[in-house]
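Presented sequentially are two complexes of subunit A, the first with subunit B as partner and the second with subunit C.
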Partner chain A sequence: MSALLRPDRSPRARRRTLTGGVFRIVALLATALGVVMLAVLLLDVFRDGAGEVDGSFITSYPSRFPERAGIRSALLGTGWMLAFTAAMAFPIGVGAAIYLEEYAADIWVTRVIQINIANLAGVPSIVYGLLGLSFFVRFMMLGRSVLAGSMTMSLLILPLIIVASREAIRAVPDSLREGSLALGASRWQMVFRTVLPAAMPGILTGTILALSRAIGETAPLITIGALTYIAFDPSGPLDLFTVLPIQIFNWVSLPQQEFHKLAAGAIVVLLAVLLLANSVAIVIRHRFERSRR
Partner chain B sequence: MINVRVEPTRNRTAPPDASIRERQIVLATRKLRFWYGDKLVLKDIALDISEREVTAIIGPSGCGKSTYLRCFNRMNELIPGARHEGKVLFRNHDLYARDADPVAIRRRIGMVFQKPNPFPKSIFDNVAYGPRVNGYQGDLGEIVEASLRRAALWGEVKDDLKKSGLALSGGQQQRLCIARALAVGPEVILMDEPCSALDPIATTRIEDLIRELREQYTIVIVTHNMQQAARVSDRTAFFTVDENAAGELVEFDDTQRLFTTPRDARTEAYITGRFG
Partner chain C sequence: MSSEFSGRRRRDLTERAIHGFLFACAAISVLTTIGIVVSLLGETVNFLRQVSVVEFLTGTRWTPLFASKHFGVLPLVSGTLAVALVAMVVALPVGLLSAIFLSEYAPAQVRGVLKPVLEILAGIPTVVYGYFALLFVTPLIRAVLPETGVFNVLSAGIVMGFMILPMMASISEDAIRAVPTGLREGAYALGATKYEVVVRVVLPAALSGILAAVVLSLSRAIGETMIVSVAAGQQPKMGFDLLHSMETMTAYIVQVSLGDTPQQSIEYSTLFAVGTLLFLMTFVMNALSDWLVRRYREAYQ
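Then we have the complex of A and B:
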């Protein structure tokens, strides 16, 4: 019988085991807290709002009569804004990331730019709203349009896209770059034929996360003056618009209980849009990853 | 298996071109010095590399073999802080002349790397990559097949050209990389320890391939493996490091002669396994 394998029963060892156990429980509680809160939130919203979501809720304009009110213009506005934001922020963000990773010399100017991009990702969104108001809405005279809102949102999510794309590009092994150049590829052929396809899954993941944030942001759009009551379909980039979070905010701030239920219904739709956007992006990402195998 | 041409002994004071067989010099360096930052890694290297021969570069770790090889297709200039002095010549043209284009150079001087690095694309697209980036207008299928045949890989992959290059074994991947290099139509192939990541059987296949390719291409191969140098090369250059850790050329001669009757004591010590 080996004493080596018997558990240590000294007080010191017991205390150590106890500390380990306590820490484990604390960590478990911390995890559970997040999960439980999310579940309660979802349950609460679904209980209040799931009943509200039907065909006429989606296709009706907002109204002061709760039974007639819907989210048509807000949903369309969110769609317009998302499309324009993606169309502007994706190419600019990826372009900036390519420049910083593949072209820029590692000098102090580049490093200052990089640090500032990281800092921009942490700037409160309302500050972007103020910038959008004074620059896009007033100076460029775009008004409170879809375009002004999308440009403001693009600025807001650009740092996120740049940072994520840079990480993805940096993760492409140098051996692929060398292999490409050794075959007589020019620098841009190397970037577009080898580096970008290899980095695309990571770039798309970052873009999805950034766009998800844009879907949910309210403060900058309120700042630039996106309206809450829009009883027509935005039909172009220069039209007035509203988005789902603003509509939700508006309904929640009304005193009547019925409008609170409508807000819950709109939240359900917002979450559905988010999940849909995420799953589309995941499908695209998988397609890219499969083509690499 | 030793495939070294035996040539009549020649006068050692004569220049290398003076042998019976006329030698066409394809690549040459003159007083080549190379630095990474402040650190000198190559010291006055002068070497002539002859057409349609296999030239092996051997030597202990850190003697600058790979750095030297990468001077010929200007891959070193991707490394920040790298600089050189002296001449690197390709058919008597300065590879580092102001109007020399690295892209054009790399189309004529191909490279195979130490670790197989196929692109995450299909086998076909891997081989077609070079012709495509070079704007090749002809039949890609033809050039892919010809290159894979020349790299002795066609028989193994002809039925699944759509499969990813990464799905192949290590040895197949390296032959794919050789096929990929051949598809561009280079005159010279630089090989940077092409077998160091492969098992002995895959190594044998690559060595057989090198001996076949020698009929049409000029090959420069860096290797850690002296037996490999003896098996595949016509000439061997032995590099070592001096007391300041700078690489220098000790001896360059016909492979058989270098391995049987080395002139320099350091060469003899290395090939008999006394250091390195």
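Then we have the complex of A and C:
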């Protein structure tokens, strides 16, 4: 109180200002620490791995001999897994979002599904792996196949796609819906021809972000038993497979330094793939937004 | 008239079919939860037929892969908590201070750059963090503390702290932003400095949201798998020995999955028993965090 009455630079007022200044700097440094850590991580990985990445690294199978080893089967496996995951998770996720936003009349059902989705988003990924192991691999007898892995991954990223799609659909103004219905469209015609096109940039962005999560996930695929050593090209949904993150895990777990370098090289490729996916998401978003204007 | 009628009927049928399909899509999420619970419980029941609940939950030796088998899960729990606590020691102060800086101090443009950059930390695959922990952070720690093992809790925990940092920061920031401006203005009107407003008014008002961030980050740390599998090793043991290897629940699941475990064996069942415990722990923490978030929403909205 007395400080308020004497705004002159009393020692106490100065101390209070000083504390504020110090705190501000500490907060700034803390924020910078996260950024610095990210920079150090990227620099470390690129310094170790950038030299490994060349044509033969991409096109060779893994090998006991580090100088001959490459990521061909892992890269192809990631591609297969991604294609199947997208083919399953996208329609189901968007369908669920449409149901919750445009169809569900019953508040109670919606609430149960909504709480359920929120809970699923917090389940550790390795638990999805256990579900995949007991249900897809053993019960449905899909084995350690691309399909079993993709199904597991689809369940893992469904909550992300549903949440993003719901937000995009909710952002579509009601006047569009009303106009469509007034022209005699049925509910589905209204959704399919009016709401979905308008919501598509948001839906696609959310889906691509969810898929990039799938690209980087390792634990659930290790749990369902995706193999670490694959020296052939997977050629169908029921083939054995491995993915980039598992190949990285495998190499980093070996004691020899040569393999650590290979792991770093594979990380550089993995990060490049993720960067590409995110750029595609941004481009799609922009293109849709321009065409709508 | 009749063709119009049948056209309408067809349209109604299509509409109903589509409605059914969309409902099935939404129902898959509920089926997933049921699937998780059923598959976890099924094998856990098998496991508990051979090992008593008491031994599982209170035993202090975990050696299911050895000839002399012990099934006390506490060493795995203690390893999990040790790594998660180290992670929180990093993520809590750094995340909270970042949240304060971004919401209270940073100009809009600075925030617009820093926040997306911090979010990148959450998008880096965890196996990459594992690489970084094992091959960058651990050598640093060993340079300072030479007695440190190649696999150790400290390095995995520190790196995991940076992985959960964006989550800690963004949920705290939401909570801080939800504090009504009126509270801040009232404090300024009483002559408080910005620091005093932040520390004595805003933070206490945002406390339940910040607690929610802590609990959710902790839950994420407990469920994280690859950093610990790469960098923390596979030694299931009690205690809090940060400079050496400990095994977490998730790392154990990975360890068994990498081997070729026959389906009928007790080793296979342990996967699901440990998985069930992990699921329950994270479920309780997520629910607690959700409740805390709703508490501040009710208070300020």
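One rule holds in what follows: the second predicted complex is superposed on the first by the 267 of 293 C-alpha atoms of A that agree within 3 Å, B and C clash if a C-alpha of one lies under 4 Å from a C-alpha of the other, contacts with A are read in each partner's own complex, and residues count from 1 in each chain.
Everything that follows uses one rule, which is that contacts are C-beta pairs under 8 Å (C-beta built on N, C-alpha and C of every residue); 3 or more make two chains touch, one makes a residue touch a chain.
Everything numeric here is computed off the predicted structure, so don't read it as measured data.
With the C-alpha superposition on subunit A as described, subunit C and subunit B fit side by side in the combined arrangement. Once both structures are fitted onto chain A, a short way to say it is that subunit B and subunit C open up an angle of 110° at subunit A, using Cα centres and rounding to the nearest 10. Set against each other, subunit B and subunit C touch different numbers of residues in subunit A, with C touching more. Contact with neither subunit B nor subunit C is seen for A:G55 once the two complexes are overlaid on the shared chain. In the superposition on chain A, contact of A:L41 is made with subunit C only, not with subunit B. In the superposed pair of complexes, A:V252 makes contact with subunit C only, with no contact to subunit B.
In the superposed model, A:P11 makes contact with neither subunit B nor subunit C. In the superposition on chain A, contact of A:S186 is made with both subunit B and subunit C.
Of the two partner chains, neither subunit B nor subunit C is touched by A:G236. Once the two complexes are laid over each other on the shared chain, residue contacts for A:P197 go to subunit B alone; subunit C is not touched. Least inter-chain distance for subunit B and subunit C in the combined superposition, rounded to the nearest angstrom, is 9, based on C-alpha atoms.
Note: residues 186 of subunit A belong to the subunit B contact set and to the subunit C contact set alike, using the contact criterion stated above.
Interface of subunit A with subunit C (complex): residues 1, 3-4, 16-17, 19-20, 23-24, 26-28, 30-31, 33-35, 37-38, 40-41, 44-45, 48, 91-96, 98-100, 103-104, 112-113, 116-120, 122-131, 133-135, 138, 155, 158-159, 162, 186-188, 212-213, 215-219, 222-225, 228, 245, 248-249, 252-253, 260, 263-264, 267, 270-271, 274, 278.
Of all residues in subunit B, those touching subunit A in their complex are 73, 75, 78, 80, 102-104, 106-107, 110-111, 113, 115, 117-121, 129-130, 132-134, 164, 166-167, 177, 180-181, 184. Per the touch definition, subunit C reaches subunit A in the complex via residues 11, 14-15, 18-19, 21-30, 32-33, 35-36, 39-40, 42-43, 93-94, 97-98, 100-102, 105-106, 114, 117-118, 120-121, 123-132, 134-136, 162, 165-166, 169, 190-191, 193-196, 198-199, 216, 219, 222-226, 229-230, 250, 253-254, 257-258, 263, 271-272, 275, 278-279, 282-283, 286-287, 290. Taken in their complex, subunit A has these residues touching subunit B: 106, 173, 175-186, 189, 193-194, 197-198, 291-293.
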